[in-house]
């Protein structure tokens, strides 16, 4: 392996050897004085910060995100088969880095805690000179790091974050989300559920007792009630809960015939396992088969729950079995390198990196405000979800949403979900001031370039 | 000087000099060298060093002096943070009222928790404090979301219009001290080195020095002596006409106020609060800091805090690509071998390293890092005095 | 009227009558011993005096004030100091600090928030503490870790801690328990010396007759929780009831 | 009424796990005087014994299936367990399905070895050290153990289902004349298993000479030491037994919730609360407190209760702990002077 400078400032410093060159910066951030924005790349490299959970319960998801980032960097720098670059509708990426600068990266551990995630992101910005921060596997972290990036004047390209708040009431001018959200899950799932299970259903919600749980419950509730469903009860469960038996058992006592598990990660694995244990899926209520729904699916969760996910509906941002050229190219590229197909978290992280790089190229500058402008209302295709709009009003991507269900006969431990329906983007679009998204009060603020 | 004896004065001066020169000391490696990865002299980490130093100093006043092991101290840090950020959101972006509010609210909370918990001692006390902290965490995460922001916590938003700050419409407020923003920095390039002098760090450092000075005074005061007597023999203290209850409660509240100060400073440096700041692992962390550094010593907790934060922030950022760079000069086989050996201990494996370090320190250095330092010191002295008669019995500390 | 007046004190533990109608009067500036076989209720009585136990009925007056319902530290502040069976000292502190604590307690009361003053600035208290150490022949050990002292020194230190408070009444709970004969004699000498140097009332609970007869001016014999007799040592020596009480004990 | 019966069952079930872990913790604390923060890790290692056995039984070789393709369009490689080669596909599947019950046997020797290694290698040197040191070193050990498991098995939960024979539910209601009370077989088995283990431990302590010495040691260590009994060896054995109890609790827990590397830490704090509420050093106290807190937690999670007191389900255990410790200074059944200094 060749020896290269880790720090983007290294080259410059070597030139200044022997001289003491004090520079005073005012303003919150860290900037090279001449460029007018934080961490303006000098020399022939640019540093990106990949901030993913490496410890804690989401460590495996973080590891998958990191794989995707490394792949993206390889492709941006002209290595490998280029992945989705050839299928991407925008053609500014030529395998020569970003704006001709070679892409380097630093990694950090969010620990899925907002304090740790901010510390890690700050170290990337302050110490390593990262120009863009991306990654994460929970909405709490995404909101916290997004606010930090806004303050510091760098771009934040969110990783896996599904809460409405990220681009809803907590949206920021410097933050962008490709991943879908609770509202879209609800809007995509409701029609499929009503087709599959009928319009006359009584739903019982178990909801993780924190922000993401609230937004997801609200979204699914509204969407299904609009289809004619009735919500019997909604019970909040503590995040730290491991055994859900005492929440599942009361479901048996009601006349509910659908259980909605607004849980993610370990919570979802346990609550679903417990629900199946209690025989809910074998139950008949009012002559109808009892059903379970998981609004947000991920492959790792499906793996953790094992056979229990079979036949259970949920939504997901992307799945490797999608037939379009972009998805195929990415799956091939990722699978060849790592030996298994990518997860939705890997996909969104990869895409976010490419979108950022392309936006910089189109803007012709690393200046966050220029990049933000290039991303706003940008329409693109070929990155796996069909034609997509990066809406300028809230920095949320609008694209098709996948409704999936647990596969009956998986061929491998990665082949656990099958696509039931691709919900068209029109059905999941909402106005930027939608009440679930913080209403009229929510605002991006203005873009902050740092210096 | 400062009303301290000469030994403590010199300790304070050494700590002051080290703290003020930290931007140099923590950046020993030139920017473009492979070892620059180990540099810790960037604002965020330096701020964390001193803030967690304050937290650990405060914890040590309770645990080190009275022997009461609180397992819920992070709750006071969290409560202090929430109080501080609300102050910034509502009243002013100046950090002083925010920090002050953090101290006051944490102190009041500590008064309540301490009043109840100190009715028991030993592990029963520990579990009571743990229970209070876990309840605070659980409630802040869930039903108190309107006040705490729940999982996503609180940040300063464009809609926040503090009463005393004149912000432009749409401008997001930033924490400042009479106009000096915490993020302001001064960069000094010398040769291949780059040193960062950050306003926030120096404000926090001065606060830490004051906190450290107060803790020395407390340690050497009659009050501090009473607290050590509580740890040593509470029964005797009561039969000596002294009421141990108010002493322990006062120590608990002071220690809670230190935690609140740390919490307030955290918000001042980085305007964000999340509930996981109050989780039991955060309380456990400060216990580890104190024990790792040396319980009951003045400087130990600060060292312990520095060590844990260093590992958390530096080790976790080393990835395989960096390892390959370090060993690039080796033949490929050896390079890969070395990388494979080190791989489990860095990046995502930094917890493993942390666990091993705890075990090693506790096994071999029961007095923490301070004892390690003393042993090294003694080793040198013994070499020097080889010919002289052996030093007399160790004086009592 | 004695400095300590115990009237009609009863204390039961479940079915066991530990103290039954105890009356006791300790005259000021005397050495009063309470003796009795094991289980006679000596320690229970003592604990009732210092606030560790509260009698079911009866009154305990010290210097004209009731001690009942007061906490140990309040009773100590009234002027009762206590020496324990096994020396209770602050093992983690130095000898000098052990003495300084009661000095501060004496001067500042049960609690004072003197968190910002410095111990080493308190010159007068330190001198006072050093003087008392001189009295008990421990001046040369003032910087020792007190946990490292010999048992005899610990006993002396504990005495010094009590004396520095200038108590009106010093309670001694078997001060020579478990000591070798030589140590016992040293302790007797120490107590005699203390007594000779100042006006102090002492109340000794003791098992060892040798100690009792060397020191006491009056003796109360306790048996099965009730005072048997109270008299001068000479009279006690010849009292058949006392011998019976002790003989009765030695038979089982 | 049905709801209450169900929650009692849930409580007993949760309580079983709490009680088993607390029992082991108390055994170690009572006999060895050591506060073992690595006890949760032992529970976790037990659970991963089941995972390991499942993996061992399904050790496979790859067979290329030309008729199907994998995600890259190459011929699908199908993992065929060696067991399937030897016994046929169906028999192999049923053996693998039974890996959790089989793991009970598999885990006992492993837990004994782990327990002995931990005691001899580390804990032994900490008998005379302050509790704070014990806590720190065992906490460090717990981190190391869980990171090792994470490095091998990843951070994601791993499904380890119960044998198909036990996956159904038992119609409990029919038994007591109520409707709608069905309860999963495996949870009932877990409860029964916990009762057997608890009874076994108590019988062992009550009716064997070994147990008597240990009990005497729990009451008064010094005296027993002076009797010239080799207490060291007995300590090691007790530690191994406690490790086994924790390990078995872990093995049997796997079908209830998929095991992951931090399950030990999840239980650690709760089980400490349980031990302290029961009273430090009291075995019956630990068991009683385990079931009590389990049942209260279950009741607190009922919708009607949460509607009345929002958030009560989040804090019930800690709230109860505070109330009990304030009204009963040494927990439910604690002795005076234990861990109070």
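Letters are used for the chains, namely A, B, C and D, taken in the order the chains are written, and counting of residues starts over at 1 for each.
To be clear about the criterion, a residue touches a chain if its C-beta (ideal position, glycine included) is under 8 Å from a C-beta of that chain, and two chains touch if they have at least 3 such contacts.
In this text, all values refer to a predicted model and were calculated from it rather than measured experimentally.
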For subunit C and subunit D, chains touching each: B
Centroid comparison with subunit A (C-alpha atoms), farthest chain: C
Whole-Å gap between the CA centroids of subunit B and subunit D: 34
Subunit B and subunit C: spacing of chain centres that average the CA atoms, whole Å: 46
Subunit A-subunit C separation of Cα centroids, rounded to whole Å: 74
Subunit D: positions in contact with at least two other chains: 314
Multi-chain contact residues (two or more partners), subunit A: 59, 209, 236, 238, 240
Set of all touching chain pairs, with the criterion as stated earlier: A-B, A-D, B-C, B-D
Subunit D contact footprint on subunit A (complex, rising order): 56-60, 209, 233, 235-238, 240, 242-243, 245-247, 249-250, 252-253, 266, 269-270, 273-274, 277-279, 300, 303-308, 320-321, 331-332, 335-336, 341, 411-412, 414-415
Residue ranges of subunit D touching subunit A (in the complex, touch as defined): 2-3, 6-7, 9-11, 13-14, 17, 68, 70-73, 76, 78, 150, 154-159, 161, 167-169, 180-184, 186-187, 255-258, 260, 262-263, 266-267, 297-299, 301-303, 306, 313-314
Residues on subunit C engaged by subunit B in the complex (per definition of touch): 50, 71-73, 76-77, 81-82, 84, 88-94, 97, 100-102, 104-106, 108, 110-122, 143-145, 161, 165
Parts of subunit B lying in touch with subunit A, wherever the complex brings them together: 30-32, 34, 36-37, 39, 42-45, 48, 138, 141-143, 145, 150-153, 155, 157-159, 170-172, 174, 181-194, 196, 266, 270-272, 274, 276-277, 312-313, 316-317, 319, 321-322, 324-325, 328-329, 335, 347-348, 350-351
Residues on subunit B engaged by subunit C in the complex (per definition of touch): 3-5, 214, 217-218, 220-226, 228-229, 231-233, 235-244, 246-247, 250, 254, 395-396
